[in-house]
Structures are given as structure tokens and as C-alpha cells.
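Both complexes shown next keep chain A, but they swap its partner, so chain B is in the first and chain C is in the second.
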Partner chain A sequence: MRYATPASAKEAAGMLSKEKGAAFLLAGGTDLLVKLKMGMVEPDLVVDIKRIPKIDQIQTSAKGFVIGAAVSGSMIGQHKGLRAAWPGVVEAANLIGSDQIQGRATLVGNLCNASPAADSVPAMIAAGAKAVIVGPQKKRTVPVEKVVQGPGKTCLGKGEVIEAITLPKPEARTGDAYLRFIPRTEMDIAVVGVAISLKLERGIVKKAKVALGAVAPTAVVVPGAARALVGSKLDEAALEKLAAACSAACNPIDDKRGTVEYRIRVAGVLAKRAAKIAFQRAGGAL
Partner chain B sequence: MSNATLVSTTVNGDPVQFACPTDESLMTALRNRVGLTGVKEGCGTGDCGACSVTLDGSLVCACLVLGVEAEGREVTTVEGLSQDGELHVLQQKFIDHAALQCGICTPGFLVAAKTLLDRNPNPDETEIRYALAGNLCRCTGYDKIVRAVQDAAKDMRKANKKRR
Partner chain C sequence: MGHDQKYIDKKNYEVVGTRFNRPDGIDKVTGKARYGADASAPGQLVGRVLRSPHAHASIVKINVSKAEKLPGVKAIITSADLPDLTGQDQGLADILENCMARGRALYDGHAVAAVAAVDEQTAAKALKLIDVKYKKLPHVTDVDAAMCESAPVIHDRIITRGIEPKPTKPSNIAARTQMGHGDVEAGFAEADVVIEKSYKTEQTHQGYIEPHACLASVNPDGTAELWVTTQGHFVFRNVCASLLGLDIAKLKVTSSEIGGGFGGKTHVWVEPVALALSRKANRPVKLVMGRDEVFRATGPTSSTSIDVKMGAKKDGTITAAVAEMRYQGGAFPGNWAMLGCMTAFACYDIKNNESIGWDVVVNRPKVAAYRAPSAPMAAFAVESTIDELAKEIGMAPIDMRLKNVAREGTLAPYGPTYGPIGIEHTLKAVKDHPHMRAKLKKNQGRGVACGFWFNIGGQTCTDLNIGVDGTVNLTLGTVDVGGSRSSMAMIAAEELGIPYEQVRANIADTTSLGHNDMTEGSRGTFSSGMATVFAARDAIGVLKQRAAKMWGITEEDVIWENGQAIATGDSHGNLPPLSLKEIAAKAGRTGGPIAGHNEVVADGAGMGFASHICDVEVDPETGRSTIIRYTVVQDAGKAINPDYVEGQFQGGATQGIGWALNEEYIYGDDGCLQNPGFLDYRIPVCSDLPFIDTQILEVPNPLHPYGIRGVGETSIVPPLAAVGNAIANATGVRMSHAPMSPPRVLAAIDTLEHAS
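Take a look at the complex of A and B:
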């Protein structure tokens, strides 16, 4: 196994695209090293992006945030600006694994591992996050909901690398929240995850975005759930419509953590709770 | 050893060089090449926390880090806790509270608890339990460990006050 530490995302993309054998990108390594240990992958080349300047930094500008591909969960959790602007994204990222995993795991890794149950993905989608993709030739920016195409499958072409996640500066009176259900109190994989971001105007929901995790092959955006909230003060009727829309959008599997029926029902329950948290974070009074 | 890479790093404050294959974990390199066997192998897949070390101050599972990634970084293991032959308060409190039996998980718990107390000198029980959720113990159970950490935190806060 060859180990390379490129000095730029473009150089990393070039290395990955030219490699004839099995090539893997290494950031936090919390998925790759497990696969290596289990013998699920046998890399000829591992490209460690952590020596790329600024890739382990969160940059703040007038437009919002640029979170480098090697920024760990614990760095996200310690970033005051990000916590204030997008608490739902931060709480989703920080739910992944233990403190040890948080020391290494990244948003981009969570996205590119392409698990249907990835906690940070619905939260990033609800917040309007985008992935900055660098290829050997060109750069493109893609909304996070377009990156994952199925379990373990992404839209990335050969050699393409996500160098950062961008989050917009939140508009005034915006709030987001992420809730997941697991049978334990920590260290588990989501049975259902719900992320909601909404914007208020005079106490009424003006805009909303709802995304579900772990209830379909990929995270799902639910426009009907957003429509249920818009124009409401989050009254019981709106919350019921939200729950129904979320449950209707589920296409889950049965497994040891939850049955199909259970996941469908819990999606609605969590959506109501997440909506209330997002509403209060946006400054709304319940 | 084919395909070995020379790695220059700092371990517990000392400059260290070792040569390891590129696919060897930092856990294995620390144990077999640096001789720091306080880094324990439990699961080898990041679930149990027995191999907890800090890498540039961040708590990580050494089994989920490649040895070659340590180049130019600072690593701290359980061996770095005691100073001048004196046990760290946490180590002493684990003994006082009988917070260990077989001891395999203990180094990981100590490193994780030290990282917690560096960040939060006065954690409540829930905070301690969440912070140590990545460390599994299969014999003592967690109550004594939590109590040892609380007691150590108390002593460390007192010592800090005196220093001021």
C-alpha cells in the first residue's frame, strides 16, 4: 500500500484519477481503517488529505461557512459561530460515535460513506449545505442532497474529491434542529433521523426544509412536510400534517433496530419534536 | 519488513522515530515499535476505546489512525500521564476506588478521562458517562470508574485553586 500526502485537493484528485489499482481517500479514517482491518478493502494507494493547507479549518465569511474536508466533529462542536448559526448541523455531527470518533470523523466522510443512516446528512440538507467537489480538471459545487445516490454510492466521478462543505449564513429568524432515535443513549446508528430548518416572519413559518435519514436508501427531502409548516404558527394541525407527510415519505427496511412500521411512525413523531426545537431556535414562541 | 516508512513524531513529549509498513495502525506501531504497551488492543475497530491516545491533543482510537499519519504530530499515551514517577491523580483514584479489575480497558479510560477533565474540570455524572461512552469495560462496570473520575476531578480542582 502506497501512502501519499498531497499538498492540494487538485493534486489529490490527480493522484486518485491516475491510479490504476484500488485508491482510497483518507481524512478521519473512521470508516476506511475499519474496512482495512476487516479486509473489506485492499488499497494500492491511500491519499491522506490532511496535509492540505486549510483543509482542517472552518472559515467564516459574509456568505457563511466553509468547513474543510478534514475538520473533525469535535472541532465543529467547539466552533462558537457554527454552533450559533446552525445548531442542528452541529448536534447531528456530534451525535456520531464516541468522543474518540469525534476526534477524527468528518462531515465529508459521513457524506461520502453514503450510509442511509448518516446523522449529519439530513441536517446538512435541511440547512442548505453544498459540497465543493474538486476533480483532476474542474471544480463543481453540488447541493448535499445530490451527492448520495444509494447505499455506498455517490455522484463522485473517478478522481473527484470533496474538499469542503459550505453552509450559508442563516437568514434572520432561522432555526434548525436534528433529532434521531436510537435504542441506546449513545454510540448507535440512527433508526430514524429528522432534520428541520425553518425561517419565521412575524411569528409565522415563512420557509422550511425537512429531510429524513435512515428511512430510505438515501436521505430524503420531504417538500410536503415543509409545505405543512409554511404559513403556520406550528399549531397542532400543522404538526399533524407534518408528521403525516414525513411518515408517507418513508421507504425503510426492517432490521434488528427497527421494523418498517416502527420507523414510519417514529419519523412523524420525531418530525414534530424537531420542528418545535427549530421553531424556538428561530425565536418563535410555542 | 518490506515497504516500511520512517516516521518521526513526538510521543509523551519525547522525539521518537519508528519504521512501519504504511498499512500498520498507530496502535500496533506504538505497541510493537515504540514499546508502549499501555496502548491496548480491544476490538481494533474503534468501538471499545482501549487504545485511546491523544493526537495533537484530540482524543482518538489509535487503531483508527495509521502509524504513518503520526509524522510530525504529538501523541500522548497512558504512559505520559505519570510525572517523575508519581501517578497522575486519575490513576491513583482508579486504584483507591477499585475502578479496575482485569485492567485492559483502564489505560483507555484514563486517557479519555484526562481529556475530559482538561476540557471540563467539573463534569457532572451524565457528562462523565457520555464522555466515556467510547470506552467499554467488561468486568468492573462503570459506577466505580465514574466515581473515581469525579473524585479525581475534585482533587484536581483543589490543586488548581492552590496553584492560583
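Take a look at the complex of A and C:
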């Protein structure tokens, strides 16, 4: 196994594209090291991106935020600007693992691991996050919901590296929230995850985006759930419609973490709760 | 030397009952403590085990030739390298077969071969190069399914014991047990209310954080050493010596610090394998299990299926109780259902009671003890049913328990008549506890449950050596799994009349002390505590002799008080007392080193009883339960070190709550374990629990000088039922399947809502 520390994302992309054996990118390593120890992967090349300048920084501009691929969960949790702008995304990122894991785990890693149950992914989708992808030749930007294509599968071509996640500057009176169901209080994998972001105008939901996790092979955007909210003051009828739309959008599996029936049911329950939090964060009164 | 084990009813303890920092504390918090995986030897190899991916399969052929050719591989063993030396001892033969499959893999994770290589990577590679040809066989993992006529029979040799006439055909039912007294039919006829319910509990693991690990070294001359994490190195020595054909005295076993055992480190798994690898490679071999191996192939507790029928009069008197309990013991027979029968109704004085147990084998790992093994499941069924009875009659559950509680003189369902016991005391303390008056909010409920566990005594051997400066080495043979070194040092200090800090307790290796039984059955403090008292008294006898010699008076005129020899009698009244230090300093000139010693089969272990209170909040939309308050009240006999006693109460309650809420082995249709890791086998994390409140009661055990009862196990017995009763109180739903995980609770709430 060889270990490399490129000085730029482009150099990393070049290394990955030229490698004939099994190559893996290392950022926080909270997924890769576990897989290594369990014997699930046997890399020929590990490309550590942490030495790339600015890759461990959060940059703020008039357009929004650029979160480098090596920014850890705890750095996100301590960033006042991000917390104020996208509390749902910050919450989701901070739910991953333990304090120790938070010191290393990254948003990009969570995305590229492509687990259906990734906590930060629905939250990023609801917030309109985009992935900045650097390839050996060109750079492209892709909405987060287009990155994951199936369990363990992403849209990244050979040699492509996600350099950063961008989040827009939220419009006025926007609120987002992420809730997940786990049997314990922490250090667990979502059985169901629900992210909602919405914008209010005169106390009425003007725009909304709803994304579910752990209920299908990839995170699911639910336009019907968003429509249930738009035009409402989050009254009981709207919440019921939201829950029904979320439950209907589920395509889960029965596994050791939950049954199909349970996931469908709890997706609706959490959607209602998350909507209320997002609504209040947007300045709405319940 | 004979010593009096009667309770001495000492009122003014100096050391016992106070709180001290643990002697192993600094090492443990600074990371210096040496656990099973922390030993190394020159030239050591890495051992790894190849395990069956099938629930049940014939091993047609094992081809190791490719693996053997891999550079760095020093030995590969299969069952052929562990020849059967067990003679007619079927129990030992089962242990051997469990350590290494013999022609057939009996469960997912069963060891089929092992490798010793120069490093981890080589060992891992070698495992992949071993070619095992399996022929899959039909499997069964569920206890009820295994009892069906149509179930695949796992062992042709198993003919059910305890049935007359003896069955002619083999089955998966290893044994039937029955016990109890009175006439249950007559009892039910007397009852105004009869409740009959069936329960299921899933298989759980002890969940100790330290995996099994050892360092083995065997020499060609038949001498050998084993460093190992274990609850009983003397027993490990005897078992390993038998399995490998070694002389007991030539196998030196040293117990490491232990990172949790809870019964799960009473059994050998990798140790004979590591010894056999070392014997073949002629090099030391270190073998450390991975977490998945611990889950798949060590000794979790039984899953069960239990039917309970209980009848009561309107005044709350329970007139009859019957339990039929089915326990799976994994791929080999055990006596787990028998233990369930013995404990099921032990908290109560029930005139007519009957317990029937079925010990069943299935294609799962061989069950080992887990903290009060078998009792929590029986208590879940019985204590849940008692709450249902109380509800039906309209009586407070606590009052119903008090109405029927067992006392001194009650005939226990398993035979003996109780001496002084503390169950009534714990129930009364619960009734008076402020917890019972704490306000409950919406969706919250409260449950109470009782629990019983035996304690055992057994073989114990202890040395006490006094240094020239008057400090004391206490040498123990019972592995310290719960802080017993500190408790034993406190007992020695108390008995000798010296400060605690003057005593250092140590666990000896097997060549340094006589045989000691396992630290199991809550026996450590009871039995080693007794041997320590006796060894200290032995030493006091020597100290008095030496003092007499120093004074030139007769020994009869010397008494021992407050850590010093005092000359008595008119003629010696003016002699100043001699302290232990002063006598020790002169030991070289008065007869040599001063020591005390004791070996004993500690009889008269007391019984452990507890009552728990649990408050839970249930989310009616997700079925998720949160424990909001929890109180343990238990009779400790005498709490030597109250910190440790409280720790045991809290630890047992925590494990029981984990079992009650989320912990379970999940097997797929293929008979393979789906959650062999802490991510999906959910033990509680700190934030899942409130601070667990404790109350120690002390009803002395009359057959221990200090009144000690074991305290380690009883605390895991009530929680399943306490949580279940609290959930029933919060939601109106009676959960009959543990763990009471969110999907199960939500489904039960739905069923109730549809019914109403």
C-alpha cells in the first residue's frame, strides 16, 4: 500500500486517474480506516488530501459558504456563521459518530461514502448544497442530490475528487432542520432521516425542500412533501399531507435496523416534527 | 486450620464500609494497566482463527497446503492438531469441539482452522488461502422451532434427559427439568383471577469492552505459559491442560487485568487454540479476537420462550404459579432452563408452584454465563405477570409483591428453606423511597420488579505475608472483576487492625497459590473475603506468638487489639503493647517471616435479592422508550466497599436496561448473525441513561464473619420486567417480547389502538 499527499485537488485527481490498482481518497478516514481494519478494502494507493492548502477551511462570501473537503464536523459545529445560516446542516453533520469521530469526519466523506443512511446528505440536499468536483482535466459543480447514485455508488468518474461543498447564502426568513430516528441517543445509524428547509413570506410557506434519508437506496427528494407545505401556515392539514407524502416516497428495506413498515411510518412522524422546527427557525409562529 | 465462619456482628468497623480509591485506579486511568492483549514475548507470532460462514455444515475437506507455503506462516492447525483426550467426559468434549469444529461447523463463526504467522497481514492472507469445502446442512436458530418434530436434529447423541420413559429418538431437547411444591391445580381452583401469558426474550451478549485475548507459549518439554484475560485462571489452567494433555503444574497461567467479563470470561475459546498453535510452531503465539468474533463465537446468553400462569385471590394472595420455560444453549447442551426454573418464583412464598424447564440446542454459539444467567428472562415473564394480576385485582403492584413476599422460613421453590433474606426489606424500602412519589408527566410510567440470584462459595486459597516494615501483601487467587482487590485489602486491614494503605492485594498466578474457583456466581468477595479473614486470623496467631517471644511470656497471655499485641494478666500489665510494625521488624530473630494462609471450601453463601423502580417515557408516535429515573434497592449483606457495591448495582441495572430496550442477536434466514458489532448490537451509551440511584440494605449473611452476600449479579435480574412494567404503566400496552425496541412497542400500541 502506497500513501501520497498531493498539494492540490488537481494533483490528487491525477494520482487517482493514473493508478491501476485500488485507490482510495483519505480525508477524515472515519469510513476508510474502519473498512481497512475490517478487511473490506485492500488499497494499493491511499491519497491523503489533508495537506492541500485551504482544504480544511470554511470560506464565507456574499454568495454563501465553501466548506473544504477536509473540514471536520467539529469545525462545522463551531462555525457561527454556518450555524446561523444552516442550523439543520450543522445539526446533521454533528450527529455523526462520537466526539472523537467529529474531530475527523467530513461532509464530503459522508457524501462519498454513499450510505443511504448518511445524516448530512438529506440536510445538504434540502439546503441546496452543491459539490465542487475536480477531475484531472476539468472542474464541475453538481447538486448534492445528483452525487449519490446507489449504496456505495457516486457519480464521480475515475480520478474525480470532491474539493468542497458549497451552501448558498440563505434567503431572508429561511429555516432548515434535520431529524433522524435512532433507538439510542447517539453513536448510531439513522433508521430514518428527514431534512426540511423552507422560506416564509408573511407567515406563509413560500418555498420548501424536503429530503429523506435511510428509506431508499439513496436520499430522496420529495417534491410532493414540499408542495404540501407551500402556501400553508403549517396547519394540521398541511402537516398530515406532508407526512403522507413522505411516507409514500419511502422505498425502504427490512433490515437489522428497522422494518419497511416502521420506516415508512416514522418518516411521516419525523417530517412533521422537522417541519415545525424549520418553520420556527424561519421566524414562523406556531 | 479450622476457623469459625459465623457472623461476628461487629458494630464498630474501622475500615470495612468506608470508601477508598481503587488500587488499580492509577494504572487504569493512565493506560498502564495490562489487559489480555498487552503482553508480548520474544519471537511471538500472531494467531488468527478461520471461522465457518455457515450456520450448519459438514466440513468435507480442509486444504491448507497453499496457506502453509505462504512465507511467514509458521503453523496451521485444525481439529486434527487437537486430538480428543477427553475420555468419557462429554462436557469437556463439548468444550473441545466448541474451540475447534470436528468435521462439522455447528454455527456461524464456529472455528474450523487457525494460523500462526509472523505478522497480522500474513496471518490474514493465510486465512484466505485455506480452502474449506463445506456441505451445507439444514439449520435451526429459534428455540421454539428447534423443539419441533420437523427441526433438523443437531446432535444424534442427544436423548432428552429428565423424561420417563427415556425417549428412543434423538432431538434438540437436551433436558427437561421440573421443580416446585404443592398442588397447582388445587391452587388455581382457589384463585379468583388467573392470568396466562407467553413471553419471548432475545439473545444478548455480555458486551465486555475487552475482547478475548491471550499469549500462549508451549515448550517441547511439556512446560507452558498462558497470559490471558479470564475470570478464573486456575480453571482455565485445568481445562487447557486436560484438552492439550499437559500436566497441570507445568502450565502456568497468569490472569491479566480484565476489561469486563460478566460471566463471559468463564469459558475457554481461543486459549486451547493458541496453545496448540504455539506447540506446533514452537514459538509464543498471541491471539486476540476481533469484535465480530466475540459476538459470533463466544458465549452469549440464551434466547427464551416462556409461558406463565398465575392465580390469585381478591386479597392479593397468589394461590398458584406455573412456568414453562424454553432456553436455547447454543450448539451444545447446558443447564440454563434449570437455572430459570430455580429462580422464577424465588422472591415469593407461593403455596403451590411448578416450574418446568426445557434445555434446547440450536445452531448458535454455545451459551455461557451472563450475570445471574437465566434469571432475568424468568423474572421478565413472572414479574410482568404479577403486574397483570395486580391490575386485574385492582391492587398496587408493590402491595401485591409485599403480600406474597418470601421471608426467613419460606420454602424456596428449588428446595431449601430460606434463612434470613432481604427481599421484604427491599420492597419496603422501595415503597418508602422518594422515587415512588416523583411526579410522572404525560407518556411516562413507573414499574417495579424484584429479582433473585443465588451466590456460591467454592474453593478458595489465600496467602497473607507481612513485610519487615509491617506492610502486608495479600495474595489472592480469585480474579478481580469488580474491585475485589480493594475489598480484600480492606478486610485484611480490618482484621489485623491496621490502616488500609498498609495492605496491598495482588492476584497470584497459578504456580503461586492453590486452586481457586472462577470468579463467578457472585462468589469473589464472599469466598475470598472469608479466606482473607481466616488468613489474617492465622497471621494474628503468629504475631501473638512472636510478641510473646519478644516479651518472654506465654502466648496465652497475649491478645491482639487495634493492630497491636497486648500482654494481659497481672504480672504483664506494665509491658507496653507491641505494634504489628514492631513485631514485623524483629521477625528475622523471632522465627522468620510472618505469614497467614487459608484454604477453604466456602460454604454458606447468602442469597441476593433486589427490587428496582423504573420510570420511562414512551414516544407514542415512534415507540421509543427513554428511561428517566431508575433506582436499585438491594441487600448486600454487608457492603465492604460501598462504592463498588453501588457500581455493581448500577452496572447490572445498565446491562438489564440495554437488554430490555435494544440489545439482541439478529439472525438472518441463512442462520448467520447479522449484527456482530457494537454499531448494530446496541448496548446503552452514557447519554441513554439517567444517573442510576442506589440504596444498599444490609441483612447480614449469618454464615460469613462479616455478613457478606454476593452483590455482582442480582442487579441484572429485575430490569427487563421493571422496564416492561413501566412501559405498560405509560402506554397501557403489555410488552411480552424483549428487547422492547421501538418497532415492537409501536406495533403493540397500534394493536391496542385498533382493538379499542
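The rule is short, and it goes like this: the second predicted complex is superposed on the first by the 286 of 286 C-alpha atoms of A that agree within 3 Å, B and C clash if a C-alpha of one lies under 4 Å from a C-alpha of the other, contacts with A are read in each partner's own complex, and residues count from 1 in each chain.
Methods note: a contact is a pair of C-beta atoms (placed from the backbone, for glycine too) under 8 Å apart; a residue touches a chain by one contact, two chains touch by 3 or more.
Quantities reported herein were computed from a predicted structural model and do not represent experimental measurements.
In the overlay built on the shared chain, the residue A:G159 is in contact with neither chain B nor chain C. With both complexes superposed, B is the one of chain B and chain C in contact with more chain A residues.
Legend: residue contacts after superposition of the two complexes on their common chain; A:M187 is shown touching both chain B and chain C.
By the touch criterion defined above, A:P122 reaches neither chain B nor chain C. In the superposition on chain A, A:R265 makes contact with chain C only, while chain B stays out of contact range.
Contacts of A:G39 after superposition: chain C is touched, whereas chain B is not reached. Judged by the touch definition given at the top, the superposed model places A:G88 against neither chain B nor chain C. The contact surfaces that chain B and chain C form on chain A in the two complexes overlap at residues 38, 185-187.
Across the complex, chain C is touched by residues 38-39, 181, 183-189, 255-259, 261-262, 265-266, 269 of chain A.
On the chain C side of its complex with chain A, the touching residues are 124, 292, 621-622, 624, 661-662, 666, 674-675, 679-680, 682, 684-685, 687-688, 741-743, 746.
Contacts from chain A toward chain B in the complex involve residues 1-3, 26, 29-30, 33-34, 36-38, 43, 46, 48, 50, 72, 74, 97-104, 185-187.
Listed in rising order, the residues of chain B touching chain A in the complex are 3, 5, 21-23, 25, 44-46, 49, 52, 54-55, 58-61, 63-66, 68-69, 112, 115-116, 130-131, 133-135.
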